[in-house]
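Take a look at this one; I'll ask things after.
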Amino acid sequence: MTALIYCPFPDAATAERLGGQLLAENLIGCINIGGPIRSLFCWQGEMGAGEEIPALIKTDASLLDRAVTRLEALHPYDTPAIMGWRCDSAGSGTAQ
Amino acid sequence: MTALIYCPFPDAATAERLGGQLLAENLIGCINIGGPIRSLFCWQGEMGAGEEIPALIKTDASLLDRAVTRLEALHPYDTPAIMGWRCDSAGSGTAQ
Amino acid sequence: MTALIYCPFPDAATAERLGGQLLAENLIGCINIGGPIRSLFCWQGEMGAGEEIPALIKTDASLLDRAVTRLEALHPYDTPAIMGWRCDSAGSGTAQ
């Protein structure tokens, strides 16, 4: 079954580069890179805000943990927000 | 309980047409159609890229499989990426 | 473990204000506010459409229900669509 990963990136070029890397390593099936988002967050007790580029990544449930771990290693942030979840239903052509 | 479906479309007009069809068939409660995304993918061993229109669809968990199957039948791609998951929490007014 | 909440807002200012409120109340870790979406929906048997602002909110699974309930109380719609789900995998730095 399919799984999805959501992760914001600092910019589109980084999202494309890391998405291409994960594709080349056969850890994901595709990455959808969106338009700019405005992010508000609380970090070490301080409110902050910034602009990021969101990406939604399709992978297989059996690869989810490995893809999240590899993306974290590649991501330029010290503590990137990387969130994955298994799907309950998918089109027959959706599997990797 | 509510469920969500994520699906990229070739363009906004197709997303609206198919979303309207699923609404008319009472298979979904709403469709949110986003701005353009850049998609990178690996298909039959070949890397590819393109522009798509993402949509997030709200339905009921009891209708999830039927909505995914119907969307796949309507979608213009041969193997569309259609991914659905059940929610664990929802506003009281969110149910269809 | 991390959890995500998806919620459309009437505009970006409302999304920022309510996101800031939930951050100040330590109910969420961050909010990602996207560009405009076109929403099609069926409400009390009538088809409708409109423009909204989507937001994806990161919280902790232990706070998910409280964050959804509080967001519903703050949201300007009578019956806002607020959908939350627990993640199955997250980067080590992703937890709140």
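The chains carry the letters A, B and C, assigned in the order they are written, with residues numbered from 1 in each.
As a working rule, a residue touches a chain if its C-beta (ideal position, glycine included) is under 8 Å from a C-beta of that chain, and two chains touch if they have at least 3 such contacts.
Heads up on the chains, UniProt names are A, B, C = Divalent-cation tolerance protein CutA.
Here the structure is a predicted model, which means the values were calculated and not measured.
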{"item": "Turning angle required so that chain A lies on chain B, C-alpha fit (0 to 180°, nearest 5)", "value": "120"}
{"item": "Same vs different contact residues, chain A with chain C, by half of numbers used", "value": "different"}
{"item": "Cα-centroid distance, chain A relative to chain C, in whole angstrom", "value": "19"}
{"item": "Contacts with two or more other chains, residues of chain B listed in rising order", "value": "34-35, 85-86"}
{"item": "In the complex, chain C residues that touch chain A", "value": "2, 4, 12, 16, 19-20, 23-24, 26, 29-35, 56, 58, 85-94"}
{"item": "Chain A partner contacts - residues on chain B that touch it in the complex", "value": "3, 5-6, 8, 34-42, 47, 52, 54, 64-65, 68-69, 71-72, 75, 77-86"}
